[in-house]
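Look for subunit A in each of the two complexes below; its partner is subunit B in the first and subunit C in the second.
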Partner chain A sequence: MNGVWGITLRGMEARKVEVEVEIAGGLFAISIVGLPDAAVRESKERVRAALRSLGLAVRGRVAVNLAPADLPKEGAVLDLPIALGIARAMGSIPDIPPGIFLGELALDGRLRGIRGAVAAAILARDSGIPLFVPDGNLEEVSLVSGCSAFGAESLEDVFAFLRGEKELKPAGEFVPSSGTCSPDPDFADIRGQAGARRALEIAAAGHHNVLFTGSPGSGKTLLARALQGILPPLSTDEFLETALVRSTLGIPFDRGMKPPFRTVHHTASIVSICGGGSTLRPGEVSLAHRGVLFLDEFPEFRRDLLEGLRQPLEDGRITVSRASGSVTYPCRVLLVAACNPCPCGWAGDPVEKCTCSVPELERYQRKISGPILDRIDLHVPVPRLLPEELVAVEDTGAEPSSAIAIRVRNARELQRKRWAGTGFSCNAELPERMVKRSLMLSADVRPFLSSMAERLRLSGRGISRVLKVARTIADLASTEKVQVPHVAEALAYRDGGGRS
Partner chain B sequence: MNPLLRTLLLIAASGGYPPRIWSLFEREGLPPEAFVQKGPDLWKRIGCTEQVAETMERLLGNHWPEREAERAEKKGVRLVTFNDTDYPRSLTGVPGAPLLLFVRGKWPLSGIAAAVVGTRKCSSYGFRTATEIGKAVGDAEGIVVSGGAIGIDRAAHEGCLSSGGNTIAVLGNGVDITYPGGHERLFERIVSGGGALVSEYPLGTPPRPWRFPERNRIIAALAEKLVVVEAPIKSGAMVTARLALEIGREVWAVPGRISEENCSGSNRLLYDGALALVSVSDFVSLAFGRQLGLFRQNDSRESVSALTEKEQRILAVLKKSGERTVDNLAVEGTMSPADVFSCLATLAAAGRVFPSGPGRWSAVPG
Partner chain C sequence: MTAKHLERGRQGEDIAASFVEELGWKILDRNVVFRGGELDIVAMDSSELVIAEVRTRAEGWMQPGEDSVGPRKLGRLVRSGRLYTDMTGWEGPWRIDILSVTMKKDGTHSIERFEDVTGGAWFS
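After this line comes the complex of A and B, so read on.
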C-alpha cells in the first residue's frame, strides 16, 4: 500500500503530508488521525458524498492516517488526496503515480480552489514531482517556473487521468497582464501640493517611508493613494513573493503586476496587522510586501502596535512566534503614515482656529514622537490650500502620474545597478554601516553637512537618513555624485524640517 | 543637620503654604531649632491646621527631613535656604518669597535675568518670536527665566540655549520629575548648558494645577524684566505679569493681532502701559544695555550676500507677501519645487525662514 501526497501549510511554507488509507470490515465509519483540524476532520463528509456522486459507495471501517503524525494539518486542501486514497484502497483506480494532489471537494465531486497553491508549487518544484491543483489555482501556480502543474475540474477528471483515459490541462507560461491600468487617482487630477508630490516622487524612487502632516481636507489620503500609480511595476520574482502571501491567505489571484496598496484602519488588531493567530497567518504588513502600507490617522493607532511594527520595518521581514511555533513572513513595505497636526486638526491653519486644550496637545505631541518616526525618512507637511491659493497655481498644469513614473523607474534602475550583489535594491534599505562609504558624495557635501548638522543638531542617525534621501534625489536627477543642493533638499524633509 | 534646613524641609512638605507658616513662626521670636523642639503645641498655637500639624508630626517621626536631604544629595540637587549666600538677591524682601529652593544644575547664576512667558498653546509666530528673544538674551549674556512647559516656555529656553546662554526653568513640581513628558532632553540641555531647574517643592512632588500659579511668583521675582509673548486674558502668564508689576518689575509685551484670543492678554498689558516689544534688538539694547551686533562675532545669520540668487528670491517673496506654501513659492519664485525645498532648508538653517503651519513658511521676524 502506498500513500497519496498532499500538503498542509506551515506559515507560508507547504509541508508534504502522506495520506494512507486502510479499509477493514465492519460497520461504516471514517476516522482520520494525525492531528487534523476541524476542516480536515469534516472532510470525511465531503469525500464520501463526492465519491458517491461518482458511483462509489464507501463501506466498512475506513482509517485515514495523515503522516507525519506530529505535524498539525489544517484546511480542506487534503480532501482530494483523502478521496484518492480511499478510492485506491477500494481498488477503483490504479496505482497513483508520484505527485502532489490539492483540492477541496464539493459534494458533487467538483474541485474548489484552495489556499496555499503557490507554496505547494514551490514544494513540488523543489522535490521534482508534478502538482495537481483545482482549475481555479492553475494560473497562480504557473508563476513558479520549473514546476510541472496540471489543473483538474473535478474528482472525475482526476480519476479519468489516473486510469489513462484523459489528459489534464497543463499550466502554461505565466503571462503578466499587458493591459496598463490607469492610475487612480492620477497626479494630473491633484491641484497644487507641489511639495507633497515631490516628496512622493522621492519616496517611490528610493522606497523611503513617508509621514504626511496636515489638517482635515488637505488631501493626505488622496496623495497617499496616488503613490501606487508611480511605483515601478513588480519584477516577476517580486510578484511571486507577493502572490505567495496572497495565496497563503486565499485571496483571489490577480495578474496585474501593480505593487500592493493596503490601507489599515486604526482599530485593527495587532494580529491582523503583524500576522499570527492559531494558524500563524500573515498580516496586513506582509500583504503590503513590495508595496505600500498606509496608516491613516497614525496617532490613533495603539502604541504597542506601532512598537511592534518597528523592527519588521527595519528588517523587511516579520517573525510571528506563538505556542504552536514560529514562522517568518516578508514585509518589505513602503510605509505611508498620515496624521493631523493636533487632535482637532486645525493647528497652524490660516482660517480655522485650533480648539485643542493644552493637555490634549501635550498628549498628542508625546504620541506622535514615538520611536517609529525613526524609521520615517520623509516628513511632509501638507497645507490645506485656500481657494485663492488654488487659483494661483491653477494654470501651472499638473504633471500626470505616467511622466513621474518614468523618472522613478530610471532612478530605481540606477539604484539596482549600484547595489547589485549587495542583497538590497533601493537606497532606503541601505544599512547604516554602508552609508558614509558608498553614497558617492561630491567633495563639498561633507563640510556643508557638518556645518548644517551643528546648526540643526542632527544626530548620527539623522545625518545618514538625510544622506540616503539625498542619494535618491541625485538618482532622480541622474547625477553620479550627490551635490550640495541635493543634501539641502533632503534636509527639508527631515523630522521637524517643516513642522512648526 | 542644620536646624533651619530641617525646619524648612518640614514646612515645605507640610501641605500648608510655607511662607505663611514661617512668618507666623517668626512672630514668636524663637530660634529655628525651636520649631522642631516645641512640636505640635507650638504649631497649633501659631495657627497651623490640624492636618498640617499631623503631617509634620508624621514626617518628623520617620526622619523624613534627614532622608530628603540625603536623597537630594544623591541626585545632585542643591538645597538653598533663604539665608544662604547663594540665595538669589532678587527674591529677598519680596513678600511670599520661597524659603527653600531645590536646585538642579549650576547655582548661582550671574547676569541680568529676563523672564519670557506666554501661553502653552502659542502660534508658530509666537513660538518663533520667543525663540528669537531667548536667543538675543543669550547673546547679550543675560539669563532667561521661564517655566518648563511647552509653547512659549520651551521656545524661550531653546532660543537661549542655541546661543549658548544660561536659562532657569522654575518648575511647579519636584525638580526630579519631568513634566510635561517629552521635555527630558530640553531639561537635560538646560542643566548641561550651565543653567538650572528650580523648584520650591520637595523631590517627587507631582505636577498639580494649583502649583503653577503659585510658582509664577518665583518667576516674576527672579527676573528683573518680564516679557509676555502671547497670552490670553485668563492665563498663568497674566498672573505672572500682575505679580511682577506688584513688586515693581519691568513688564514688556509683544504686540499681537487684536482678533486673536491668544494675544488678548498681552495686548491688554500694552494698553495698560507695559513696554511694547516691537523689535528684539531694541529690547535687548534697552534692557541689557548692549548693542547686539557688536557682540556677535560668529553670527548664525549670514549676510544677504552669502545667499544664492534663488535663496534671495525666495526670501524676498516671503518678506513681501507673508506666509506662503511651497506651491506659491514655486510659482512666484519661478523655480521647481525641488529647488524651493533646497532653498528653504538652507534658509531655515540660517535662521531666515521658519515653518509657520503645516506646509506653510514665513520669514523670521526682526
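After this line comes the complex of A and C, so read on.
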C-alpha cells in the first residue's frame, strides 16, 4: 500500500498528511480516522460521488487513515488525496509518484480552489517534491519560486496524468499585474492640511504609525484613505508574505502588488483583529501585514483590544495561543488611527465651542493608554478648515498623489538598499539594537537629542522611534546623514502635537 | 390455500429472480431464513455478493414497493446479510439491492432495481 500526500493547515504553515487507504470486504462504508474535522469527515460523500462520476463504483469497507494520527486535520483540501488513495486501492490507477495533492472535489469530479495553497507550495518546495493543485490556485502557487507546481481542472485530469495519458498545466512565472488604478481620493483633491500631508508622506515612506486628532468633518478619514494612493508597491518577497496570510483565509488571489489597506470598525472583537478561534485563524492585524490598518474612532475601540495591539505593533509578529496550540502570524502594519480631541469633538476648534466637562475630557483621553500612544510616531492634528477655505472653487493647486508617490518610492528604495541583507525593508522595522549604530547620525544630533529628550521626557523607545522617523525624513530629502532639522521635525510629531 | 397477497409476493420473487438472471447474476440462494429476517434472493454480480430484497405491489397502490423498506427493515437486512456472509465465509464486498415489482391489471409486470441502498450509511 502506498500513501498519498496531502496537507492540513496549522496556522499559516502547511503540514504534510499521509493518506492511507485500505479496502476490505463487506457492506460499503467509508470510515476516516486521524482526527478529521467535520469538513474532512464529509469528504466521503464528495469523494464517492466524484469517483462515481468517473465510472468508479466504490465497494466494500473503506478505511482511510490520515497520518500523523495526533495532528488534527481540517478542511476540504484532503478530498483529492483521499479520492486518489481509494482509486489506487481499487487498482484503477497506477502507483502514485511522490507529490503533494490538494483539492476540494465537486460532486461531478471538478476540482475547486482551496485555502492554504501558498503554504502548501512552500512546503512542497522545501521537501523538493511536486505540487498538484486545482486550476484556481495555480496562479498564487506560482508566487513561490522553486516549487514545481501543476494545475488540474478535475479528478479526471489527475487520473489521466497518473496513467500517463495527459500532461498537466505547469505553473508559469508569476507576473504582477501592471494595471495601475488612479488613487481615490487623490491628494490633489484635499484642501489645506499641509501638516497632515507631510506626515502621511513620512508614514508611507518609512512605515511609521500615525494618529490623527481633529474635529468632526476635518478630513481625518479622507486623509487616511488617501494614504493608499502613495504607499510604495510591495516587493515580491513582501507580496508573498501577504499572499500567504490571504491564502490561509481563502481570500481570492489578486495579482496587484498593492499593499493591503484594512479598515476595521470599532465594534470588532479581539479575535477578529488579533487572530485566534478554534482553528487559529489570522486576524485583521495580520491581513494588514505590510500595509495599513486603519482604526477610525480610535477611542471607541475596546480598551483591551487596543492594549492587545501593543506587543504586535512593537514586534511585527503576533503569537496566538489557545488550548489547541499556538501559532505566530506576521503583522508588520502601519497603524493609522483617527480620533476626536474630546467627546463633543470641538476642543481646540477656532469657531465651535467645546461643551465637555473636565472629567469627561479626562475620561476620554484616558481611553487611549500611554503605552499605545508611545508606539505612535506621528501625532498629527487635523484642524478644521474655515468655511471660506472650503467653498473656494478654484483649483487647490495641491500636489497630486502620483507626485508624492514617486518621492515615497525613492525614499523606500534607499531604505531597501540600506537594509538589504538584514531582512528589513523599511526604517520602522528596525530593531532597537541596530537603531543607534546604523542610522548614520551626524555629529551634532546626539547632544541635540539628549537635551530634547530630557525636556520632552522621552522614553527609550520614544528616542529610538524619533530617530527612525528622522531617518525617514532624511531619506525623503535623499540626505545620507541624519541632520538636526530632521530630528527636530521628527520630534514635532511626537505625542503632544495635538492632544494634552 | 395461500392468502392472495402472499401468493402475489411469491410471484414477484420469481419474476425478480428471472430478472436478475437476465442481468447475468448467478443466484446462490433464495429465501434464506434467519431469526429476525429473511433474504429473498442472494446472488453474485460478477465479484460482488448482492442481497436482493423483493417488494411486490399491485398497480394502483398509493405507495410504491421500494418505499416500504424503511430504516428498520434495512437494519434487519444488514444484520441478516452479515449472518449470511459469516455463514458462507464470503470475505469480498457485498451490497443490498431492492427489486420493486409492479403487477399490472392486464397480467404484465414491470420491475425496477435500486442498487446499493445503504450507500455508506452506518447500520449497526
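The definition used in the following text is that the second predicted complex is superposed on the first by the 452 of 500 C-alpha atoms of A that agree within 3 Å, B and C clash if a C-alpha of one lies under 4 Å from a C-alpha of the other, contacts with A are read in each partner's own complex, and residues count from 1 in each chain.
What we mean here is this: a residue touches a chain if its C-beta (ideal position, glycine included) is under 8 Å from a C-beta of that chain, and two chains touch if they have at least 3 such contacts.
These figures come from a predicted structure and were not determined experimentally.
In the superposition on chain A, contact of A:116 is made with neither subunit B nor subunit C. Contacts of A:456 after superposition on the shared chain: subunit B is touched, whereas subunit C is not. Residue contacts after overlaying the shared chain place A:85 against neither subunit B nor subunit C. By the touch criterion stated above, A:198 is placed in contact with subunit B alone, subunit C being left untouched. Once chain A of one complex is fitted onto chain A of the other, the partner contacts of A:44 are limited to subunit C, with no touch recorded for subunit B.
Set against each other, subunit B and subunit C touch different numbers of residues in subunit A, with B touching more. By the touch criterion defined above, A:260 lies against neither subunit B nor subunit C after alignment on the C-alpha atoms of chain A. Counting contacts by the rule stated earlier, no residue of subunit A appears in both its interface with subunit B and its interface with subunit C.
Subunit A makes touch with subunit C in their complex at residues 23-30, 44-45, 48, 57, 59-61. Residues of subunit C touching subunit A in their complex: 48, 78, 81-82, 85, 90-96, 116, 118-123.
Of all the residues in subunit B, the ones that touch subunit A in their complex are 120-121, 123-124, 127, 149-151, 180-182, 261, 300, 323, 325-328, 330-332, 337-346, 348-350, 354-361. The touching residues of subunit A, counted against subunit B in their complex, run 192-198, 213-215, 218, 341, 347-350, 353-354, 356, 358, 361-362, 365-366, 369, 380-385, 389, 392-393, 396, 452, 455-456, 473, 485-486, 488-493, 497-500.
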